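Look for chain A in each of the two complexes below; its partner is chain B in the first and chain C in the second.
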Partner chain A sequence: MKGRGTGLLLALPGLLLLAGVVGLPLLYALYLSLTDYTFLKPSAAFQGLGRYLDALQDPYFRHALALTGVYVGLTVGLTLALGLLLAVLLHQRLPFRGLHYLAVSLPMLIAPVGVGLIWKMILHPELGILAYLFGGRDFLGDARYALLTLALVDVWQQTSFAALVLLAGLRSLPKEPLEAAYVDGATPWQAFWRVTFPLLLPVLGVLLILQVVAEVRTYDLVYVLTRGGPGTATDLVSFYIYRKAFLGLDLSGASAMGYFLLLATLALTALYYRGLTRA
Partner chain B sequence: MVELRTVTKRYGRTLAVNGVSLQVEEGEFFSLLGPSGCGKTTTLRLVAGFERPDAGEVRIAGERVDALPPERRPIGMVFQSYALFPNMTVFGNVAFPLRLRRLPAEKVRKRVLELLEMVHLAGLEGRYPKELSGGQQQRVALARALAREPRVLLLDEPLSALDAKIREELRGELKRLQRETGLTAIYVTHDQEEALALSDRVAVMREGRLEQVDTPRGIYERPRTLFVARFVGQGALVPGEARGGLFHRDRPWPVRVEGEGRGYLLLRPEALRVSQEGFLEGRVVLATYLGSLVRLEVEAEGLLLRVDLPPEGAPRAGERVRLALPESAPFLKEVKEEA
Partner chain C sequence: MKRLLAVLVLATGLSLAQGVVLRALMEDVPETRIIEELLPRFERETGIRVEFEKVQYAAMHDKLVAQLLAPQSAYDFLQVDFLWAGEFPAAGWLEPLEPYVKRSGFDLSPYYPSMLDLVGYYRGTLYMIPMYNYAMGLIYRKDLLSRKDLAEKYRARFKRPLALPKTLEEYVDLSLFMAKNAGVAGAAMQGQRGDPNFMEFSNYLFAAGGDYVDRNWRVTLASPQGEKALALYVRNIQQGAQKGALNANLDDTFRVMCQGRAFSMITYWWMLPQLDDPKQCPKVAGKVALSPVPGGAGVNGGWGWAIPKNSAQKEAAWRFISWVESKPIVRERALRGHAPTRKDAFQDPEVLKKYPYYKEAERIIAGAKKVPIFAYTAEMEDVVGREISLAAAGQKPVKQALQDAARGLEGLLKKAGLLR
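Coming up: the complex of A and B.
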């Protein structure tokens, strides 16, 4: 008991700081979501769950949720597939291995805003190299391509993290089952799908949840590259909530929507921890 | 059946296997015995195809295989860590090599059940590896290795992760299975007792080289090097000289030896007897009861000799005894590098 008490005492300053930095804003947002507070009407009146019902009935919010669902599916699917491919390639005996690691790690080391700015230049309809190569096509300005382009930029950055996590997973797998599979007559392809891949599934599961949580919260890339446009083509839920609060000035409505997002993220995080303990 | 011709394998600056040549006959149980790092596992991995030799040839059934991957060699392998597929049931594990060959489902089923019967695991086909004991897991691994009907079975310390009782039980089963199937088996172990009990022939390895290849009896009774004498079995190495067919220390001992010159006389604990007319006089410094026998440590003429005796009437610590020497014993010439 004494040890536990000491531990708590030592953790207390950190916990207090966390409560101040994370807890207070969360509580304040909860309070706001239960009122009709806007920047235009600061004299807030208690609304109960009214703003939550408003959020569910808001067609733009529902559009943002649906769009986010498509975006998450696209980015996470591609990130995991490419990450796995890269991890398997890096797991081979390659010459200049350090150089390959560096190349794969680089996107992860750049801040998302930096990534956004770099790609904004690459995709610029007049100055960008990609627009030049594709006959002046405006990938971010065309509603048909904007979401996909945004997703691909995101995948470009996230794949390096996925590849490194999966590479660590591959490295930690026991090599004997794989060798046993070869002795049993499996080709490298069969050995990978029947032995390595199932063994890697716990790591893939954890990565899947981590990536989904990260992608649901995508904000910075949207802010830098498209501001949700053209129209509402890339209006992902995090960005829509930002717009609701600071452009629409509806802080209580945005708080209610923010809580929906928080609950979804918390549920995924709980899944992540479950996956982690199983892995 | 398996032949290695001056096979060499390096890892960086380490010479793991140094010009090893050996021949394993068809149906033979052949063990590679040696301490950690002696190159025995690397030798086995060269036969399996997980490693390619830097020089030399590996042949299986007359065919040169050193450029072939493991899946194209007629081998089955059992690993120390069982190497079962955790995502598959016992049935799935044993069926794995058969399914790879795209055999009809009914044929696979029949063969798997037959193999599980053979390793005494009938009825457990629906279990996952984590639901089995270590001994049961190794039986599954054995069944899986036999499923492909290999010509050579490679066993990499398959019993060393098991506790003593299961190890002994499984050792008997291994021998029985190998006899029944008539397979050629190459067995890697650092456990001398295991190697002697199981094998038709044993190769003792040291620092990537073969020290001696012989029958278990030959290895134990006629070790050719000091290393083999020290590594296999218990015994005292008494320094002295072989002269005129007898061993000499400060006087001639009544022990016949082969060869001439300086070297060591190997006295095994069971070769010495306590007797009133014994040649050496000494004092028992330790008597250890080991169930079926008592092991004495006797100090005599500045030597510490071990003697195994039946427990009845064995002398106690502190008693003075006379030791009778064997009529003949192995004499090992001094080699400079082994000093």
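Coming up: the complex of A and C.
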């Protein structure tokens, strides 16, 4: 009992800090979402769930939510697949291993805004190298390609993080099951899918959650590359909420929308935890 | 004894002013640097130091709002874009300036009425002093307009001589013609949704004789004129503009024009000296000219000086504003390339000698119209910009986009209490 008390005491400063930095803003946003607070009319009369209903009735918010769903599926799926491929490759005995590590980790080290600016030039329909190679295709200005292009830029950056996490996972796997599989005559392909992959699943699961949470919040790339356009082709929900707050000056409405997003992310995380504990 | 007292008072005043530092958030553009060059003079004269925090335009609004909401602003005076000239006063964030003007005898008569209307008064109260004008006009390539082969082809096609267009239809026709025959884009267009495409489209709207609202704030956007304007805009961006126009902003269009890859652009008139600079744009310098938007009125734009209500140093801030807007300093700024808002600077012989195109600029400013300025102007740009972009991308028919934009605008005007 005494040990537990000391533990709590030691954790207290950290918990207090967390409560202050994360908890308070969350509570404040919850409070705001139940009022009609705007920057122009900071009166804050109680509205109940009115702002939540407003959000649900806003077709452009619903569109942004659906678009974000597609975007998250696309980016997370591709990131995990490519990350796994890279991790397996890096796990082999390659010459100049340090160089490969460096190359793979570089995108992760660049700030997303920097990534956006670099790719903006690469994709520039008149000056960019990619547009040149693809016959002057307008990747970001054409509503048909804009979302996919945005997702691929994002995947380019996120894959390095995924690859490094999965590589760490691969490194920490016990060797015995794999050796046993080879002794039993498994091909490398069989050994990977029947032994390595199942053992790696918990790491993949954690990565999945981290990536989903990161992608739901995608904002910087949209801001730099497309501003949500053309039309509403890349109007992801974080960017939409930002505009609601800072262009529409509607902090209560934006808070309600933010809570929808938070609930969706929490639900996904909870689902994963349940899966994990059951397994 | 009297003299001693006067000296004492003066000395105390000076020493009080000593150590006063005024801070302001300014857009990171050449004009800000021009004012910055003159700041030591202000410090010598008053003992007040002025410090600018310079950021890109896109970062300004959020930073300002955060400061204006705080108990005390970190900025002692402000540079207010006309797009916020409704929002800031409506929110009660700005200090009314009439008492300051009266007390100091500041003369408002040299300012163009269109400028005072844009970045001076809000619903009858003076909150800002016009600082800078960026009305929009047409910049075009004189050399292409006088090319013989093009002139012949044009005459054969349109049965009229190749000349500066007089109407919006003529302009779009010419743009498409140039795109097809001159080996350049007909127009460098800034179709990125939000501020870029909203501002650009507004010129088409005004030139076609349309408007967003009438005098009583009733929405008139979805009129036949509005439809004509949007149809022409969509046609030009799809067939006449440079590649990537749907995602282009001001910088992109400038690059296209600067590299000689477009015939024209509807843009801020101060772009002309930038494009006419042989060091910056050797391919087009000497070949570009300015005119009002074909069809008449273009969009008026500008910045104003203001003092936030939560500034701790309002008197010193006013001292700076009245100094920087005084006749000699405005003239000095104009001679260094800072677009003025006062008639005396536009008509100054030395200024005109250095910048002959100020004559055209004055015409543009005098005829310019403003987009609706109210509490939700920034959101209006977002809502209307989205619909223009949807139409331009071919994702929504022109009529439908226009109706949706009008409905969105109406909602905002109701929210602002301007419409029932």
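In the analysis below, the second predicted complex is superposed on the first by the 233 of 279 C-alpha atoms of A that agree within 3 Å, B and C clash if a C-alpha of one lies under 4 Å from a C-alpha of the other, contacts with A are read in each partner's own complex, and residues count from 1 in each chain.
Simple rule for what comes next: contacts are C-beta pairs under 8 Å (C-beta built on N, C-alpha and C of every residue); 3 or more make two chains touch, one makes a residue touch a chain.
Keep in mind that this is a model prediction, so the values were computed, not measured.
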First (chain B), second (chain C), both or neither touched by A:Leu140: second
Contacts of A:Arg243 with chain B and chain C, given as first, second, both or neither: second
First, second, both or neither for A:Leu67, with chain B first and chain C second: neither
Residues of chain A touched, compared between chain B and chain C (which is higher): C
Touched partner set for A:Pro177, first chain B, second chain C, both or neither: first
Touching partner for A:Gln190 - first (chain B), second (chain C), both, neither: first
Partner chain(s) touched by A:Ala256 [first = chain B, second = chain C, both, neither]: neither
Touched partner set for A:Ala233, first chain B, second chain C, both or neither: second
List of chain C residues in touch with chain A within their complex: 61-62, 65, 69, 87, 90-91, 191-194, 242-248, 255-256, 261, 375-376, 378-379, 381-382, 386, 389-390, 392-396
Contacting residues of chain A [partner chain C, same complex]: 39-40, 60, 124-127, 131, 136, 138, 140-143, 146, 225-233, 235, 243, 246-249
Complex interface listing, chain B residues touching chain A: 48-50, 69-71, 73, 75-77, 79-87, 96-97, 100-101, 141, 144-145, 147-148, 154
Residues of chain A touching chain B in the complex: 174, 176-177, 179-187, 190, 194-195, 198-199, 201
